[in-house]
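One structure is given here, and the rest of the page talks about it.
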Amino acid sequence: MISVDDVSKSFTLHNQGGASLCVMRGAELCVAPGECVALTGPSGAGKSTLMRMVYGNYRIEAGTIRVGTVALETARPRDILALRRETLGHVSQFLRVVPRVPTLDVVAEPLRRLGVDADTAHARAGALLERLRIPQALWQIAPATFSGGEQQRVNIARGFVHPWPALLLDEPTASLDPANRETVLELIMEAKARGAAILGIFHDADARARVCDREIDVGRFTPARPTLERRGQ
Amino acid sequence: MSDYNFAYLDEQTKRMIRRALLKAVAIPGYQVPFASREMPMPYGWGTGGVQVTAACLVPEDTLKVIDQGADDTTNAVSIRGFFARVADVATTQRTVEASIIQTRHRIPETPLREDQILVYQVPIPEPLRFLEPRETQTRKMHALAEYVLMHVRLYEDIARHGEIAKSYAYPVRVEGRYVMDPSPIPKFDNPKLGDCPALQLFGAGREQRIYALPPYTRVESLDFEDYPFKASKPDQPCALCGASDSYLDEVITDDAGSRMFVCSDTDYCRERRAAGHRGLMAAPFEDDADAELPQ
Amino acid sequence: MSTPLLETDGLTKRYGSRIGCAGVSFTLWPGEVMGIVGESGSGKSTLLSCLAGHLASDAGQIRYRDRHGETHLPATMSEAARRRLAREEWAYVHQNPRDGLRMGVSAGGNIGEPLMARGQRHYGDIREAALSWLERVEIARDRIDDPPRAFSGGMQQRLQIARALVNNPRLVFMDEPTGGLDVSVQARLLDLLRGLVRDLGLSAVIVTHDLAVVRLLADRLMVMQGGYVVESGLTDQVLDDPQHAYTQLLVSSVLQV
């Protein structure tokens, strides 16, 4: 479902003397439907970079990444948008939403974008929020005022509200209490059971052990010493 | 009389005005610019209508001049006197006898004929003027037939007053193309503009515009489907002749609020009284149609 | 849908020897929202004016496909035809609501005008449509007969949006739609625009210098500098992984709150 083949990534910092920073070389992995794969490695190894490339958030300079039938390195913006809408779900570490939009609408939005009517979308969003123990009193309030854990649960609800065939999870259990952590792990197991291909970053080793089928050490793809090349002059 | 060219204007000027008139007739409702001349009367006293009349007059014509329907008000009297002097044409107060009728703010009640010309005095020819003050913009709006502002104005009227409050100079659309200001005639007269056998010419002297409705032109008053145009008048018969189909003027008769409603078209009222019709406040009839009016 | 809505090819506008915008080519698909960012003088407003037909371009092509599937070349159309196309298919939201509203006409008249321009002649229907749009843009129904002069800046902008969208346009041009508004009012407006774009399936081209606005509203982004498009792509990709020096500068110049 998700395949990464010989992918490299470097950043060129034009406003800092044109420095070019190579952060990844020859990355390879694949995730089958119903499988959960964890990215591991020390901080700065490029776990997030790789996730972002799979999501289409970072440009792919070399190599290929496929999600379903879409080749991300050549996809047009509208193809990536369609992929995110229909195929590829994402739970990021931080919630990024329009200020002052009620929580229930935030969670229901991915469904509304798929053309689901407001009532159905709100019902599904409400069910998930309830499962993640967000009190109903908060549903009509914008999540910006919530605690970190609450925001994270809103984010998770949004990421599971539609049965995307592929899912990217960035630290889904961070800053959660045991009960909610348990619920999130259940959600992940259910997604696997329905055949979702999941790629994630889990710092929580126990959680990783429970839901992940394989681990991939991203450190393998990090250039031995990040090569810093000065251009020009 | 011999000190003046026939009908006051020189032949070149009349030719220029006739060319503008021909263009106006060819494009019904379109405002044709013309080089309006100084006339021996102030702007606002019908200089546009006078120039159009002067360009149309021939010695065989019989001229009638009305001001708000009346032949005997200052404006009507002085213009009739003017042409009697500079063109030596016959004048009349009878609509049926006239070949040219110059009018300010009314259309005669008596149906007009194909051998008659009705000349309107127009103060402001541009129907969009109070909605869009820039002439460059209004010309463009006419050119592109973008008249939505007229309906916005009618909408505002209904929103504010519950009905279209405009009671005179009510805008019309000519042959489905140009929106035209019919001059400040009461909206009661609007239905007479369309399908009229007579040629109708409009002259605005200060604004230097001429426009026209050729005989039998289609003219529609702007309105909404659910607020259709209504030609309204005071809901009672004329106190003098009893007519219930003519436009009425309100006349205050004392300082205690007493009033009467009489035909605004003095010729129509007189003709009816001559035929024996009587209103509630009518005095015995005395025909003064051929009496000498002050010149 | 698989046919583009709007295509430009090498669109160029010069002001004498100075470049307004040059060689702009892009394809906008139905339902897409494209942002154009850049600093003042980068040509983004010139480009928007050319696209909307307010300015004649000097070179290049614009192709627009209408709701009946017919392709138009606005640059070569008569003004009457172009205005008809704009009336029936497009809407324009100005930065300053004064430019997009009739300040002396009631809110209802402002919303009703585009309907009347397309031949709607039933007062009751026009009024009903105006009321329902007021509600949609979160203005109380009983304000329908008030002139925009009596409204706050945020309300005026929402009224302008109602007026722009009442005719069910397929393509909306927005020039700094949230500029000049308080931050809190901006947020509400952004949410409203996002909902409307989604529910009505609108396509939009939004010019702004506010990167937060495009991140929330735009699917795609074009970054302009000195009249040229220096970078374009998926909005979050351009903002999070900018390739061009100018984009990197732009992104790194934003204050973090």
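As written, the chains take the letters A, B and C, and residue 1 is the first residue of each chain.
Throughout what follows, a residue touches a chain if its C-beta (ideal position, glycine included) is under 8 Å from a C-beta of that chain, and two chains touch if they have at least 3 such contacts.
These figures come from a predicted structure and were not determined experimentally.
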Chain centre (avg CA) closest to assembly CA average -> C
By Cα centroid distance, the chain farthest from chain B is A
Here the gap between chain A and chain C, centre to centre from mean Cα coordinates and rounded to Å, is 31
The distance between the C-alpha centres of chain A and chain B, rounded to whole Å, is 78
In whole angstrom, the CA-centroid distance of chain B from chain C equals 48
Flagged in chain C as touching 2+ other chains are none
Contacts from chain A onto chain C in the complex sit at residues 11-15, 52, 56-59, 77-78, 80-81, 96, 98-101, 112-113
Residue positions on chain B within touch of chain C in the complex are 143-146, 148-149, 151-152, 155-156, 158-160, 223-227
Chain B partner, complex, touching residues on chain C are 79-80, 83, 102, 105-106, 108-109, 112-113, 116-117, 121-124, 126-127, 144-145
The chain C residues in contact with chain A across the complex are 29, 32, 184, 187-188, 190-191, 194, 198-199, 215-216, 219-220, 233-237, 240-241, 243-245, 248-249, 252
